[in-house]
Amino acid sequence: MELAYALIIGTLTASGIYLVLRARTFPVVVGLTLLSYGVNLFLFATGRLATGGQPIIGSTEQYADPLPQALVLTAIVIGFAMTAFVVVLALRNQADNEDDHVDGRKREIHTDIEEKEESGR
Amino acid sequence: MITTALHITIAMVTLAVLLNVYRLIKGPDAPDRILALDTLYVNAIALIILLGIALGTRLYMEAALLIAVMGFVGTVAMAKYLKRGSVIE
Amino acid sequence: MTLSLVVLLPFLGAIAAPLFAQAGRTAIAIASSVPALIALAMLFPHWTTLAEGGVFQESHSWLPAIGISLSFRLDGLSLLFALLILVIGLLIILYARYYLKPYENVGKFYALLLCFKGAMLGIVLSSNLLLMLVFWELTSLVSFLLISFWNQKQDARRGARMALAVTGGGGLALLAGILIIGRIVGSYELDDVLAAADLIKAHELYPFALTLVLLGAFTKSAQFPFHFWLPHAMQAPTPVSAYLHSATMVKAGIFLMARLYPVLAGTDQWFFMVSFTGMVTLLIGAYVALFKHDLKGLLAHSTVSHLGLITLLFGMNTQLAAVAALFHVINHATFKASLFMAAGIIDHETGTRDMRRINGLWRFMPHTATLAMVAASSMAGVPLLNGFLSKEMFFAESLSLNLPGIWAYLPPLVATVAGIFAVAYSARFIHDVFFNGKPVDLPIYPPQEPPRYMKIPVEILVFACVMVGMFPAISIGPLLHAAAFATLNGDVPEYHLAILHGFNLPLLMSFLAFFGGLLMYSQRQRFFDFHARFKEIDEKAVFEKVAMWLEDRAAAITARLENGSLQRYAMLLVASAVVVALSPIERLGIFIGSNGLSPIDWPTLIGAAVLVLTALGTAALHRDRFYALVMLSVVGLLVALTFARFSAPDLAMTQLSVEVVTIVLLMLALYYMPSWTPIETSWPRRLRDLTIALTAGAGMTIITLAMLTQPFDSISSYFIANSKPGGGGTNVVNVILVDFRGFDTLGEITVLAIAALGIYAMLKNTALTPPPGDGLGHPWTRDAHPLMLKQIARPMLPLALMVSLYIFLRGHNLPGGGFIAGLITAVALVLQYIASGIGWTEDRIPMRYHNVIGLGLLFATIAGAGSLAFGYPFLTSAFGYITWPVVGKFEVASAMVFDLGVYLTVVGATLLALVSIGKLSPHSAIKSTKGGM
Amino acid sequence: MLARIGLPQPFLSLVLFLVWQLLSDGISGGSVVMGAILAWALPLLTRGFWPERPAIVKGWLLPLYVLRVLLDIVVASLAVARLVLGTRKPRPAFISYPISLEHPLAITMLASTISLTPGTVSADVSDDQRLLLIHALDVDDEQEVIDAIRQRYEKPLQEIFQ
Amino acid sequence: MSPIAEYLIAGLLLIGGAFTLIGAIGLARMPDFYTRLHAPTKATTVGVGAIMLASISYSSYQGAGIDTAELLITVFLFMTAPVSANILAKSAMHLGVKHMPETRGKPWDQ
Amino acid sequence: MNHWLTAPILIPLLGGIIQIFIGYAPISLRRTLALATTVLLLASTIALLALANDGNYRVYAFGNWVPPFGIVLVLDRLAALMLLMTAVLAFFAHLYAIHRADESSRQFHALFLFQLMGLNIAFLTGDLFNLFVAFEVLLIASYGLLMQGSGTERTVPSLHYVVLNLVGSSLFLISVGMIYSVTGTLNMADLAAKVPLVSPEDQPLLQAGGLILLVVFGLKAAILPLCFWLPRAYGNATAPVAALFAVMTKVGFYAIVRVFTLIFGPNAGPLANLGLDWLFVLALATLAMGVIGALGARNLRTLITWQVIISVGTLLAAIGLGTEEGTSAALFYMLNTTWIVGGLFLVVDLVAGQRGSAADRIVTAPKMHNRTFLSVLFLLGAVAAVGLPPLSGFFAKLLILQSATPGPQMGWLWSVLIGGSFFTLIAYSRAGSIVFWRTVEGHISKPAPLTKPVTVAASGLIGMAIAIVLLAGPISAYVDATAAQLFNTSEYLNVLNIPVVAEGL
C-alpha cells in the first residue's frame, strides 16, 4: 500500500513540476494543480494511512490522524484561491500581450514578423 | 455471501473504471472523452457506496452525492465549452 | 564642550548661512565667518598649554556597542591643522565673496563650504578613530558636492564623481584598517591606540591594517597611483580648489599619517610603502605640472608633487623628516592657497586659464602679479621664503637616508630632479603669465586689478610666506614644535629653524635645482616637443570609460542572469529544493521503516495505477489543452477517491467540489487562449526539465515511503479526546478547523476573499477578444442556453441550497461544514450561469458578491471576537444544547457562526471570481442592471 | 391561491419537504419542522428563477408515470446489454420526432424519458420546440419508435401538464 | 440478517456491478460516439441504481434505520443523465463527430 | 492573556472588511478610514514594542487551547520590532498612496490592509503551519497589490512572481509535512523541544524538511539563485506598493531568523545550525549579484530594486555568521534598509513624475521643478543605502563588519561588503548626478505636483536615516537584547507552559 501511495505522490510531483517548467501559462497552471494534488496527498499522508478510521467520534475504534486532514483542507482552499488568481493573471497576460507565453512574448514576435516583411520587400 | 458478492461487484466496477479510462485515452473525439469522464464519475459513485458497505459506514454517502452533483456540472461545462467556447456568458 | 562646539559650529553655520543669502553676498560671507571666528577665540586661550605639549580631551559616550564615542582631542598636531583649516577658511570666505557672481547659489555654496570645514575640523580633532572616519567620509561627500557646484558642466560632474569614487573608496579601505586596529587594541580611542603601538606593530594583522590605512591616506592625499582625481577636481570654483587642495581635503591624508605615525611608522613595511609612493608621486606631479597649459592644472599637479614630497618625508621613518614634513605642510598650505587665489583672480579678470593666451599680465595687474610671483618663488624654493626652508630640510633628510649601496644615491637624486622641475614650473607660472609678450585673444580685455578686498587674503598669505621664510623660529617655531611633539609622541629631535644653515650639500642641491630649473624652462620648447610625442592620457576619460565598461559588463551579466525567463527562475527554484534535499535523501536511500509495508487490495492498486497513468498522461499530452483538462479531472476525481479510501470523507468532498470549480475556471480561461501548446523548448532543455522533474518525483517517493513506514506519535490524540467535550462536535476535522485551529481558517478565508477581490480588480478593465472558433475549424454555435439544461438547472438551485444547508448543519458532527456547503451553493449558482447566462442569473441574485464576501469575513471575525466579551481569548468557542417542543434537542455553537462566515466567504469569492471571468465574454453584453457584482 | 400564502411553487415545496426527510436521519419532529420551514423559504428565496406559472397541473399522475418509466428502463436495459455484449452490429438512426407538448418542462421531461429508456437518446430540441432529434440505437422502422413514444410517454405527459 | 435479505442484497449488488460493467463495455466497444452515448446513460444509471438499492437495504438491515440519501443520489442521476447526454450529443453534432455509415437520418446542424 | 497581541491582526482585518463594504463610497471616506486603520495599527505596534521591551515572552492562545494544541501568538522583542518596522513603513507608504495610487482600483485599501494583516500574523505566530497561512495571506494580497495601476508592463513580472511563489507554497507544505511527519507537532516551541530528540532514522526526513524550508524562505527573501524575479516585479509596481514591498523580503529574513535560531538553531542537537554554512556563502553571492545589478541599472527604480537584493545579501550574511553579534547587527541594518529603500522607491517615483517621458531612466532630461528638494532626499537616501557616514546605513554596516570574528569568514564578509559599498557608491553617484544634474533647458509642462502627503511620506521615510542615528543608542540596545533573547532558546520553550484562561469574567 505504502509503495503505491508513494509512487502516486512521486508521479504527481514529477508531472506537475515538468509542466510548471513549460513556456506557456496554461500548462503551467495545469502543472501547479497537479503539483498541489501531490503536495496535498503528501501532507495528508504525514498522519499515515488508515482504512476505515474516519475521525468522527463514535464512528470507529481507531481514528486516523485528524490534524493533517484539517491542514490539507486549509491547503486545498488556499490552493484553490491561488489557482484562481493565477488563471486570471494568465488571462491578463493573454490580454496584454496577445500571447500566452509566460514571458509575454508579443512584442518580440511582432518585430520578428515586421523584420521578415521588410526583408521580403 | 454479501461479502463475496461485494468483492465481485467491486471487481466489476473496478474493471468498468479501467474500460472508462481506455475510452478516455482512446477518444477519438473530445465528446468521447467527456462521456468517458462522465461515466467515470458515475462509477466513482458506485465505488464510494461499495466502500461504505465494505467499511460498514455511511459517512461517505454525502461524498457520493457530491460526486453526482459535481460530475454533472463538470460534464455540462466541458460540453458547453466544446460547443460554445464560453462556459459562462 | 569647547572642542565639540568647535566642530559643531560650522555645521550650525551651514544651516544658518543660507538664511542670509537673500541679504546679499556680503551678509552671507560675514555670517559664514562667525563660526570660525568663535572657534579661533575658543582655541586661543589654550595656546600656552598646547605649546608645552599639553593635550585637551573631551569625551561624550555615544554608541558603546559600536565603540564609537564623541571624543575630541586637541594637541599640537590637531591645533596646527585646525588653525590651517580655520584661518585659510576665513580667507576663502572673504575671497569667495568677490569671486562668486551675484546670480549664483551663494547660499548653497557657503553652506557646503561650512559643512566641509566642520567635517575637516572633525577629522583633526577626533580622538576616536571611528568618529574620525565619520568626518573623513563626510569630507568626501561634501567635496563631491563642492566640486560639482557648477553641475551643469559635464567636466564638473565627472570630476566630482571621480573624486568621490577615489576618496570615498579609500575611506572604505580606511574603515577596514581602523576596524582591524580596533580589534587588535580593543578600543578605537586614540589614547588606547597610541598606547598600544608596539602591540599593533607586532600583530599578525599589522600588514593588513597598515595597507588599508595607507590606502585611505594615499587616496585622500592624491598619491600615486590615485593622484589622478585631484587635477580634475579643479572643475570646482577656485575658492573651493584653494581651500580643498591647499590646506584641507588633501591634507587629511597627511594628517592621518601624522596622527598614526607613532602607531604605524617605524617598520620596514612603512618605509617602503610610504617613501616609495611619495617618491613616485613627487616626480610624476612635478613632471606633469610643467606641461599643463591650464593655470589651475599646473597648480594641481604641483600640489600632487608637494603631497608626494610630504609623504616621502613621513616615509623616511626619521623624526627629523617628520618635523620637516609638518613644516612643509604649513608652507605648502600658505603658498599654494595664495597661488590658487591668484589663479582665480586671473581667471576672473581674463575669462580664461589657458597660459598660451594669458601673457604679459604684469602690465595690467602689477599688484596681483607681485603677490603671485612671491608665492610662486616660495613654491620654487627661493631663499628667504618659507618654501625654501622646508625644502632644504627635505634635501638634508634625503641625504641622511642610509640605504644600502647604490640605492643611497636615489633619494637625493630624486629630490634634486623634482626640485629642478619645481623651479621650472614655477618659472613658467611667473614668466608665461605675467610676461612673455602680449595676451592672445582674451575673453575679457583689458584685464584689470580685482576688487581691493579680493586681494587681501592673498596678501595675508604671501605675507605669511615671507615672514616664515625670514623669521622662521619666531613666527612658526612654537607651533611647529607643538605639532611635532604631538606627532612624535613627545620624542622631538633637535632641529634649528634658520634662514641658512651654512654652505652645505643641501644648499648645493638647491642651487642645482634652481639653475637647473631655470635652464630647463629656457629650453622649455624642447621639452614640450618631447612631451608632445606622448599621447596625453585624460584620466577622467579613462575613469569614465572604466566606469562605463563596468556598468556595461554589469548590465550584460545582469541581463544574462536576470533574463526575464520564468522557465529559468522556476527551474532554479525547483533545482534548489532538489539539491538541498539530495544529501539527506541519499542518506535515507530506499528506506522501509519499522512498521513495514501493508498489503494492498486490487481496487486500490488499480485506482493507484489509473492515477499514475492519468497524471503522467496529463503531462505527456499537455499540448492538447482540452485533453489535458479531461485528464486532470480524472486525476482530481481519483485524488478525492484516495482521500475517501484512507478515511478522510471531509477531504474527499472538499477535493471534489474544488476540483470541479477549478476545471470550470480553466475552461473559462481556455476560451481566450490557444487550444494547443506549441513546442518551443529545445529537446536538451526538455530533457533537463524532465530530469529535474523525475529527480524531484523520485525524491518525494523515497521520502513518502520512509515516512509512511515509520512509527510516529503526534499531538492528535488530544484533538480526538477534546473534540466532543471541549469543542462540542464529533467531526474532529471540523472542530480543528473552526475551533482548535480556527485562526488558520480565518486566514484561509481571508486568502479566498483577497483572491476574489484581486481577480475582480484585475479584470475590471481588461478587454479580451476570444478566438472565433475552437482552433480546429469549428466556429462556436449560436444557441447558448439549450432548453433541457435550462429546465433541469432551475429546480437544482433550491435543491442544492437545501443540500448545502444540510451539509452545513451536520458539519460539526459529521462530514461537511461551511466550506463544502459554500462550494455546493456556489456550484449550483454557477450552473445557473452556465444554463441561463449572466444577465438572466444576476437579475435574480439579490446581493453584490463583494458584500457577501465582506459579510462572511465579518461573521467569522465577530464569532471569534465574541469570546473577548467574556474574558476569553479570540476564537474561544462556546456551545450548548437547547430543547424545544416538537423540534427536540439541538446544539447551538458559536463555531456555527464562524462556519457561516466561512460559508458566505466561499460563496461570494467563488462566484465573484468565476463571474468576473465570464463577464469578459463578448456575449455577456446584456449586463444586469442590479445584483451580482 | 397558494402563491398568496408564500408558496409560489407548491409542487416544488412538496418535493423539497420530502427531500429534507430523505436527507435527515429518519423522520422526527425536528426534521418535519425544518422541512416545512425550508419548503416554504427556499422557493421564496429562489422565486426569481421561476418566472413562469406553475407547470404541473395534475401532479398526482406523476408517480404513475415515473413507475412506468422505471419499469421500462429495467426491461429495456437488458436489450441494450444484449447488444453491447453480442456481436451483431447495431442499426442506428437519427429520428426527428414532432413534439406536440408545449410547456418547456414537459418537453424536457419527455426528452429525458426518451434518453433514460434504452435504445434512444434525445440528441436535440429544435429552437422552435416543435421537433426532437432522437438517436436510436437499433431500429428497423423509425415510425414505430415515434408511435411508441407518442403512446407511452407523450400522451401521459400531456395529461399531467394540460 | 435473514437469508432472503442477504440474497436480495447480494443479488442487487451483482446486478448493479454487472450493469455498470456492461455500460463500460458498451462505452469501450460501441462503434461510434452516438452509439456509445447509449451505454452509460442507461446501463450505468441502472447499475448504480441497483447498487444504491443494495446499500439502502444493507444499512436498514444493519438496524441503522432507513437512511435514504442513496435515493436522492439516484433521483439526481436520473434527472441529470439525459441532460448530459443531450448536451454531449449537441457538442458532438457541432463538431461533426463521425457516425456509422449505416446510420439512417442526419444529425442536425448546430 | 493580553488581548492587545491580536491588535496588529484584528485592526487591519476589520479595516479591510470595512473597505470591502464601502468599495463604492466616496474616495475621501475610503481614504480616511483606511489611513485611520494604519495609524491605529502603528499605535498598537508602538504599545506592543513597549510591552515586549521587558524581555518577557507574551503568549496568546487562540480559542483558549493550551499550546501546542491550539495556535498561539508569541510576542517577543523580535516580533515587536518587526511589527513596528512594518507599521512605520506602511504608514508612510499608505500616506503616499492616498495621493493618487489608490485610484486605480476600489480594492486598493482592502488589499493594502490585508497585506498588513498577513505580515503581522507572520511576525507574531508561534505555529509553523499558521506561518504558512500567514505567508499565503500576505502573498495573495501582494499579488493583488502588484497588479494595481494602469498599463500592461507589470503583468508578466507579476505572473512570474505568482507562479514562483505558488511553487514556493508547495515546497513550504512539503517541508511542513516532513517536519510534522517526524515530530508530530506544529507549535514552534514544541518543535524546538522535539527536534533535538529525533531518532537517527528520522533525521534525514527532518533535515530535508528543514533545508527545503530554507529554500522557501530564501525565495521570499530573494537570495541567490532565487532572487531574479524581484527586480522586475518591484520595478513595475506602483510606488507605494514597491515601498511597502521593501518589507516583503524581510519576512523571508524574519522566518529564517526565527526558524533557524529556534527550531534548527544551536540547540537542535544533530541538526544544529542547519544550512547555516550554505546561507553565508549564498548571502555573499546575493550581495555581489545585487551590486552587479545596481551597477548595470539603466533606471533609478531598477537601481533601488537591486538595492533590495543587496540588503538581503547583507542581512543574511550577518545572520550566516551564526553569532549573537551578527544577528544584532543584522536587525539594526534591517531597520535602516527597509525604511530607506521604501523611501527611495517613493523619491524615485516623485522624480519620475517630474521628468516627463524620461521618467526614472538615467538619461538627460529637462530640469525638474523641485530639483533641490528631490535631490536632497535622493542624496540622503543614497548615502544611507550605500552606508556612508553620517547616516544610519554606515552604523549598520559598521556593526555587521564588527560582528565577524577573524578568519576566512571575516575576510570574505569584509571584502564583499566593503567592495560592494564601493561599487554601489559609483552606481548611485553616477545615477544621481546624471538624473539631477545632466539636464537640458526648460521644464516639462505638467509635472506631477508635490502634494503634502507625498512629500511628507517620502521625507518621512528618508528622514528615518537621521532618526535612526539620533536614536542609535536605544535602538542598538534593543537589537542587542533581541539577539540575546533569540539565542536563549530555552526561554522560548516556556511558551508551552503558559496557562490558559481558566474562568472568564
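Residue numbering begins at 1 within each chain, and the chains themselves are lettered A, B, C, D, E and F in the order written.
The rule is short, and it goes like this: a contact is a pair of C-beta atoms (placed from the backbone, for glycine too) under 8 Å apart; a residue touches a chain by one contact, two chains touch by 3 or more.
Please read these numbers as outputs of a predicted model, since none were measured by experiment.
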Chain at maximum distance from chain D, centres defined as averaged CA atoms: C
Chain pair showing more contacts of the two, A-F and A-C: A-C
Chain occupying the middle, per Cα centroid: F
Mean-CA-position distance for chain D and chain C (Å): 75
For chain B paired with chain C, centre-to-centre distance based on mean C-alpha positions, whole Å: 61
Whole-Å gap separating chain E and chain F, where each centre is the average of the chain's CA atoms: 58
Averaged-CA centre spacing for the pair chain E and chain D, given as whole angstrom: 16
Contacts with two or more other chains, residues of chain C listed in rising order: 564, 566, 570, 574, 629, 645, 649, 668, 670, 700, 707, 712, 714-716, 719, 740-741, 744, 748, 751, 754-755, 758, 762, 781, 783, 786, 788-789, 792, 803, 814-815, 917
For chain A, residues that touch 2 or more chains besides their own: 20, 25, 28, 40, 42, 45-46, 51-52, 54, 56, 59, 67, 71, 74, 78-79, 81-82, 85, 89-90, 92, 102-103
Multi-partner residues of chain D (at least 2 other chains): 19, 23, 111-112, 122, 124-125
All chain pairs that touch each other: A-B, A-C, A-F, B-C, B-E, C-D, C-E, C-F, D-E
List of chain F residues in touch with chain A within their complex: 129, 133, 136, 140, 143-144, 147, 152, 155-156, 158-160, 162-163, 166-167, 169-170, 173-174, 176-178, 180-181, 186
Of chain A, residues touching chain C in the complex: 1-31, 33-34, 37-38, 40-42, 44-59, 63-67, 69-74, 76-85, 87-92, 94-95, 100-103
Complex contact set, residues of chain F against chain C: 1, 3, 6, 10, 13-14, 16-17, 20-21, 23, 60-65, 68-71, 105-107, 110-111, 114, 117-118, 121, 129-130, 133-134, 136-137, 140-141, 143-144, 147-148, 150, 156, 159-160, 163-164, 167-168, 171, 174, 178, 180-182, 184-186, 190, 201-205, 207-208, 211-212, 214-215, 218-219, 225-226, 228-229, 231-232, 275, 278, 289, 292-298, 383, 388-390, 394-395, 398-399, 401-402, 406, 414, 418, 421-423, 425-427, 429-430, 433-434, 436-439, 472-473, 476-477, 480, 500-501, 503-505
Chain B - residues contacting chain A, complex: 55-57, 59
List of chain D residues in touch with chain C within their complex: 12, 15-16, 19-20, 23-24, 28-30, 32-34, 38, 42-43, 45-46, 48-50, 104-105, 107-108, 111-112, 122, 124-125, 127, 129
